[in-house]
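Several structures are given next for inspection.
Shared chain: chain A. Partners: chain B in the first complex, chain C in the second.
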Partner chain A sequence: MTKSAKAKNALELTDLSVAYRVAGRNRAVLRNLSLTIGQGEAYGLVGESGCGKSTVALTVVRYLPRNGSITGGAISLDGQDVMKLDAEALRRARAESVSMVYQDPGKALNPSIRVGRQLTEIFELGGISGQAATDRAIAMLNRVRISDPTSVMQRYPHQLSGGMQQRVAIAMALANDPSMLILDEPTTGLDATVEAEVLDLIAQLRQELSASILFISHNLAVVSNMCDRVGVLYAGMLVEEGPTDVIFNDPRHPYTVALLRCLPRGGQRKDQGRLDTIPGFLPGIGADIKGCAFADRCALADDRCRSELPPLYDLGGRLSRCFHHDKAQALPRATPSDVAPAPKAAAAPVLRVAGLNKTYASHGHALRAVKDVSLDLRPGETLGLVGESGSGKTTFARLLLGLVPPDEGGTIELEGKALAPRLENRSDDQIKAMQIVFQNPDSALNRSHSIRHLIGRALKRLAGLSGKALDARLNDLVRSVRLTDRHLAVKPRQLSGGLKQRVAIARAFAGDPRIVVCDEPTSALDVSVQAAILNLLADLQSKEDVSYIFISHDLAVVRYLSDKIAVLYLGRIMELGPSEDVFSGPHHPYTEALLSAVPKLDQTETARIRLDGEIPSATNPPSGCVFHTRCPRKIGPICEQQEPPLSEAQPGHSIRCHIPYAELARLQKAAVTEPA
Partner chain B sequence: MTLFLLSIMVFLGGQVLPGNVGRAILGPFADQRAVDALNHTLGVDRPLLTQYWGWISNFVQGDMGTSYIFRSPVAPFVIDALGNSMKLAAVAFVLVVPIGILGGVVAALNLNRPLDRIISLGGLSVTVLPEFVTGIILILIFGVWLRWLPISAAWPRNAGFFTQLYYLILPSLPLFLVLFGYIARMARSGMIEALDSDYTRTAVLKGLPWRTVIWRHVLRNALLPTITVIATQTGYLIGGLVVIETLFRYQGIGSLIFTAARGKDFPMLESGILTIGIVYAVATLVADFLYSVLNPRIRLGSDQ
Partner chain C sequence: MSAVQTTSPTPDDTRRRGPLAEVFFSLLRSRTFLVGFAIVLFWVACALFGEHFAPYDPLADDIINALAPPSSEHWFGTDQIGRDVFSRVIVGSRDILTVAPLATLLATVAGTALGLLTGYFRGLVDDVVSRILEAFMAIPVVIVALLAIVALGTSKTTVIVVIGLSFAPIIARTVRSAVLAERELDYVAAAQLRHESALHTMFVEILPNVIPPILVETTVRLGYAIFAVATLSFMGFGIQPPSPDWGLSISNNYGMIGGGFWWTVLFDALAIASLVIGVNLAADGVHGALND
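And now, the complex of A and B:
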């Protein structure tokens, strides 16, 4: 595929170097990067945050931040030298030949201009105005499968859901039929079901349009499903490149090998072994790199790797920047895989929730955020909470923690004793028994205190320690989350995201909690860091016999850590059971759809189930089974009229569906997928 | 609610001020019995709650009471002074809002270049100077040395619109200087934020001309916070001008309150302050209204 598009490449980067000026010094971000994207080709660029992926995108469209500059090399877009364009020619190139879609569509659209106007102004550039422009805009919205384009045109961006916003952004990007479309993390931050829809849309549009695609993502699975070729970027250098399936199935650079090992795959679970990690850190921007950039973190590295920059070896249709490309897959593990046998839960439940409800008042309507949730959790167990945003996961966690009081009637019991609905009325012991780790450690840790102060304070407040005892426990705790003494003196902002999350975990564990609620604890982290945090959580669990309530949109991660799964939809439990049963099925049609939406690295393309539309409003839930409006396996009027009970299909495994268990098994056997 | 609290504070503030009303009016040599009699006529010897209730219930009905000093209804004084103050505020407002916003926008578009530094630093330096300092300097320059402008704001009787305007330019200049830096800084930071935003990037990458990007996509979002600031400053422009009005011998509400406070003329003082409070409240209300009109997220937020 590389050679076939010889005629005129859509994009050619030649020895591109880009630097950011920080503190008066130019610091290299991209180092002699060369890559080529052929006509109609989809090229994926992967790598961890900070390796320069987005800088590539911004350089191509010449929209570098003020302090960024191109220090060498050339960019050729459709045969045009982008760096030689004057302002007017650059504007025309942006209008006609290159477009970009990026993360967070809510911010990418102008909040104070109607969607229609934001689209028509593109056509006006081409001299089409008035009704003609409106017609074109409507056609474009149709093209991105927006069902009611005329009304969407009249709306403001904030009145659309995230998925719709991203469709509009894609419609804007494709409006002038560009030859090059840059997608920079286009689905990051969207729900898995929405992500699947947007990815499907992009795949369909590729068939209809001629645009070449540069697809940037940290999500290897997404890239593997979308792209023909993939390039792996590390410290601003291309370290490996080749056809997607070849790279992901047979990587020849230790960095690619290590990245792939960090992901829980094929239904891997915590008791089957630790995830591998990548030791050390990405070199900072502008770091002076002698030899191979990855050498410091690579177990295969020898003296030559540290002193001499490896060339890009051409391995026949693929490239690898490694002296040892032939034995890259023999990279020794950085983290031993053996795990202590998990303590088997035999004891009485540590947490028992019965008939828990939460109703909010919303503009005079009752909004049932959590409806009739009952479950229990044993010591040392992890309960995974799964569901789209708006399904009630976080509200449920907040109810447990006493941050919001539940409706009258429900009970929460901790170790056999009823918990007061409000945090203020709980005893100190009860409070320290239940702690939380948030998604974003940046906002969870006070920026003006040192790490020692942050953890020390938690020990003082939660464990009631002081003096020598506090210091001793502090050292224990710090070691158990694998921080070192030198981290104690610094402030949070001096630590990386992964290290900050370790501090947050240490803080949560300060009072010997019985239950820790983990609300998307690894969502903001790179895969290598995520692996280390997941390992840490698993280790702490087997050591302390603590229970987790683990919320994550990443089903592979949930599966790795959880013993039990609760699938929530509109605040109701749709399915509850042991992790393996829920994932391997037969499962609730909603669970089936969720699993089917997850992009998988091991490309076993099966019949996909797509959920249409959005999660309905909780103020006005559908009658009968709340899922019937989107259910792919709806059987008839009974689904619209009667809410099915949550009935036990097998011991410990309950499903809320009218379809009998045996029938579900038969239906799903045809399309059994190997999840994540 | 705010106004109610304000009325109580004003009232109590007036009561705890040292001195005796009758004594203040009649002078130190008056007979004590005459002072008592006067106090009784004025009603200031009644219990506090009765006094407050009498005052506030009349105020709500539009009767601001009778001035102790002038022995005539307060309302015409207050309304007259308010009108004068509004004229002065209007002149300052018309000068400072467009120029302040323009300054901020220009500064943001030339971020970290000399022009930005001049506007930002210049704006900041004149803002930190109190208005009586700039006022005196301006009087010296334009009134005394150059003799371009009258040093008093008190225009001749029956002066026409342009004559009044002519007299008001010099007093409004110190106000301009105080507010310019403030408004320019808000506009500048709003612009910087909007210029850095993703939607501006989208607009640029659509290939829109720079001019369209700024006018259509950046300005409206950038100036929203500035509008709120400007509206709250309107309150200051009308109520906080004691110094300027005194300096330029201008019969505004600021100098009215100042005189009333010195003479312990409570009805006048209290009504004046409460009137300013109302002006503040109305200005804030207008600001909120304007903000919601310009910001679809607030305007339509409830139908989601």
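And now, the complex of A and C:
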């Protein structure tokens, strides 16, 4: 996008340093950060949480929290020195030339003011009022591809879906035609299908607008698709910068190399090798860093790296802050890739579910959260559950666990014995055989209890241990999830997200379970931590022969861990089959759309399939095939009138679609989609 | 377990202090709390050691010097039968500072148990118990006190029970709403997946996490309890003669205001006011520290 010669950079940060005052000490968050964003350029800033990405965004408009201060350096916006602006000029700069879009649109919009009012307000600030402002607002909503702007203007934010809210937030950001648009994790909380829709919109707007973009994300694939140049931030320092494709295909800093290796890519699976991880931790904010900030976690580091700060080497159009930039890609793995192949006997299913239904009463309407789900699971096997939010994944998991009783009629069999619908009526043996790792460890671990108590209590109740035997098993268990004794005395809040999730995993494994439900166990974690948790789950599985029911919105993660996939839509299984078959296709049109929505690092631009609108309400599901309202491959009235059966297309692979399997294969071959 | 990680994770050292220690330090930084706490501490000292530094015996009458105005001899003057008002105000803190905290304690214990019960079980238990509590809250404390005195006779225990039980529903309501939010968290589901008993889940899992709102509610209630004790004593249902209790003294002497003998009432009234204000300031401080 960089058009002509750089006349004036949209944003220039020079030696910027920012500190937060915590417990009476100034702690450095950004350290001598320099970067420039040219006119019309999209610049991506990536790094793990705690690297200072959001601080950059806040600093640009001098919007730091009260304990934050700029301790050095200069910021220049469109040639204007932001540091020298007085309050009024700063207000004008914020109102006129910079706009921000935040992560959670639900919080960025005022819940008690209609969308239209919130939008026109911006124009009124600019001196346009009345009908003119309304017209402009409508034009703005049209611009962000909202098809019915007049009615959207009348609504309150909560009456819009997450994707629509984010569009409105983007419309508000673009309303004053800013020269600089800062997007801070704009799609992080959204479903993959909605994320794709928002990213498409941003990409289209880039063609139309002149604004430069600072795009902040922890998601490397999103950045790689959206940005011209990318900067990698580590501990508040720029460690690598360059054109996006160069950085992601030929990284020259060990941190970037390691980060990319943490992601399951190109359909990698657990039996093909473990993911690489990054040992150790990000230095805490304000840590005293001598030498290279990454040295402690870097296998290439030598004495020089630890004592001397490497300069940003200019490698011809790209920068790398590493003495060993020439051999960064030779970074040895932190985790060996090899896996002991788990011998798998075709044993009898450990879990068999038949005709499971769950209906909630919602304002007098029946809400079918789960409808007629049947499947089975063998020992040591992972079933991946995939679908947008609202598709019934979590409800299904709760039904299995007995946390919610299913409707009468369906059966759940564990090792050949029927399970009571309610938890209270299940035996202790049945209870310990099925456990769960929740999505959010902060909610799942009692914050008042020590780690020792949390795991010890599970061992006492589930394994029936006490005294010395309990202590011995506790030590084993703690070691097997790679925690150490030091962690036992502390409370959950003193641990990082990844460590907390290890505690939750240890607790689930306390009673030697047969099945562990993993409900988005890594979605709150950074990629390096995610890789370690996925490895841990894979290792535990091959050691204990436990089965997983793995719920995740990240298809690459599901693919890495799963042997079998069930794709859910409105509580129904749309597709069920071996992981490889489901991913490589031919697959159900819904699966196809889901796969197409995922941003990929190894970009091979393909015909993209986008789902319009949002998932319909389960209280009033569409007639016929429930997917027909959004289906890109709808064939005709039959889709609206008749619900297709879940029919076996190939041995073990079932698809719920009117289109015959061979026809699906032909259609989808025409639009070759490289799966995640 | 083939992979060996070189990871040596350490707990984040920026948060060395436990949550309680953090609350403590934040209390020490709160001027509101410190001022309130100092006032309360002053009255507690009077209650404990008042008789040792009071200039006169608060119960000793001296008819010749009755209704003497404040002077260097009797700083706050004397009452109808010549008792030293200053000494009576100092020692008069004793009964109210026994009865009000005990009543608050009773209310907290009963209210917490009821709140945990209704919040945890919800459904029918919640509906029935909550309606009964609401009915109870609708009856004025004074009427309850009147009935209790008829039934039980006047004593400090009656006052403690009456105020304790009248305040319990209010605390129960606060605890209930905190428990309702808490029980939606996944650690409660995790406890159910270990077949924990309801009692264990309520008292070991949930209770420690709802301590902050309980603490705030208790300190606020203490202020109201002091006020309630003084009111009941004033009306003759509370602390009984010959105690130099503030409310009781005001009740005995308020007829004298018309005669210009203001000192027999004013200092007791100021004492009540200062103690209530002190407790409320401290409660504000606790609230601020816990909600930072």
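Remarks
Convention: the second predicted complex is superposed on the first by the 669 of 676 C-alpha atoms of A that agree within 3 Å, B and C clash if a C-alpha of one lies under 4 Å from a C-alpha of the other, contacts with A are read in each partner's own complex, and residues count from 1 in each chain.
One rule holds for everything that comes next: contacts are C-beta pairs under 8 Å (C-beta built on N, C-alpha and C of every residue); 3 or more make two chains touch, one makes a residue touch a chain.
Since we're looking at a predicted model, the values are computed, not measured.
Superimposing the complexes on chain A yields a three-chain arrangement in which chain B and chain C clash.
Of the two partner chains, chain C is the only one touched by A:Arg493; chain B is not. Contacts of A:Leu125 after superposition on the shared chain: chain B is touched, whereas chain C is not.
Contact with chain B, but none with chain C, is seen for A:Tyr156 once the two complexes are overlaid on the shared chain. Set against each other, chain B and chain C differ in how many residues of chain A they touch, and the higher count belongs to C.
By the document's definition of touching, neither partner reaches A:Arg145: not chain B, not chain C. Of the two partner chains, chain B is the only one that A:Ala95 touches; chain C does not reach it. Judged by the touch definition given at the top, the superposed model places A:Ser112 against chain B, while chain C stays out of reach. The single stretch of chain C with clashing C-alpha atoms against chain B, selected from 75-83, 237-245 or 273-281, is 273-281. Residues of chain A that lie in the contact sets of both chain B and chain C are absent, per the superposition on chain A. The residues of chain A lying in touch with chain B in their complex are 61, 63, 66, 87, 91-96, 98-100, 102, 104, 107-113, 121-122, 125, 156, 158-159, 169, 172, 176, 363. Within the complex, the chain C residues that touch chain A are 1-15, 18-19, 185-187, 189-190, 192-196, 205, 208-209. On the chain B side of its complex with chain A, the touching residues are 111, 197-199, 201-210, 212, 216-217, 220-221, 294-297, 300, 302, 304. Within the complex formed with chain C, the chain A residues making contact are 22-23, 274, 277, 279-281, 284-285, 334-336, 338-340, 401, 403, 423, 428, 431, 435-436, 438, 440, 443-449, 457-458, 461-462, 480, 482-484, 486-487, 490-491, 493-496, 499, 507, 532, 535, 539, 543.
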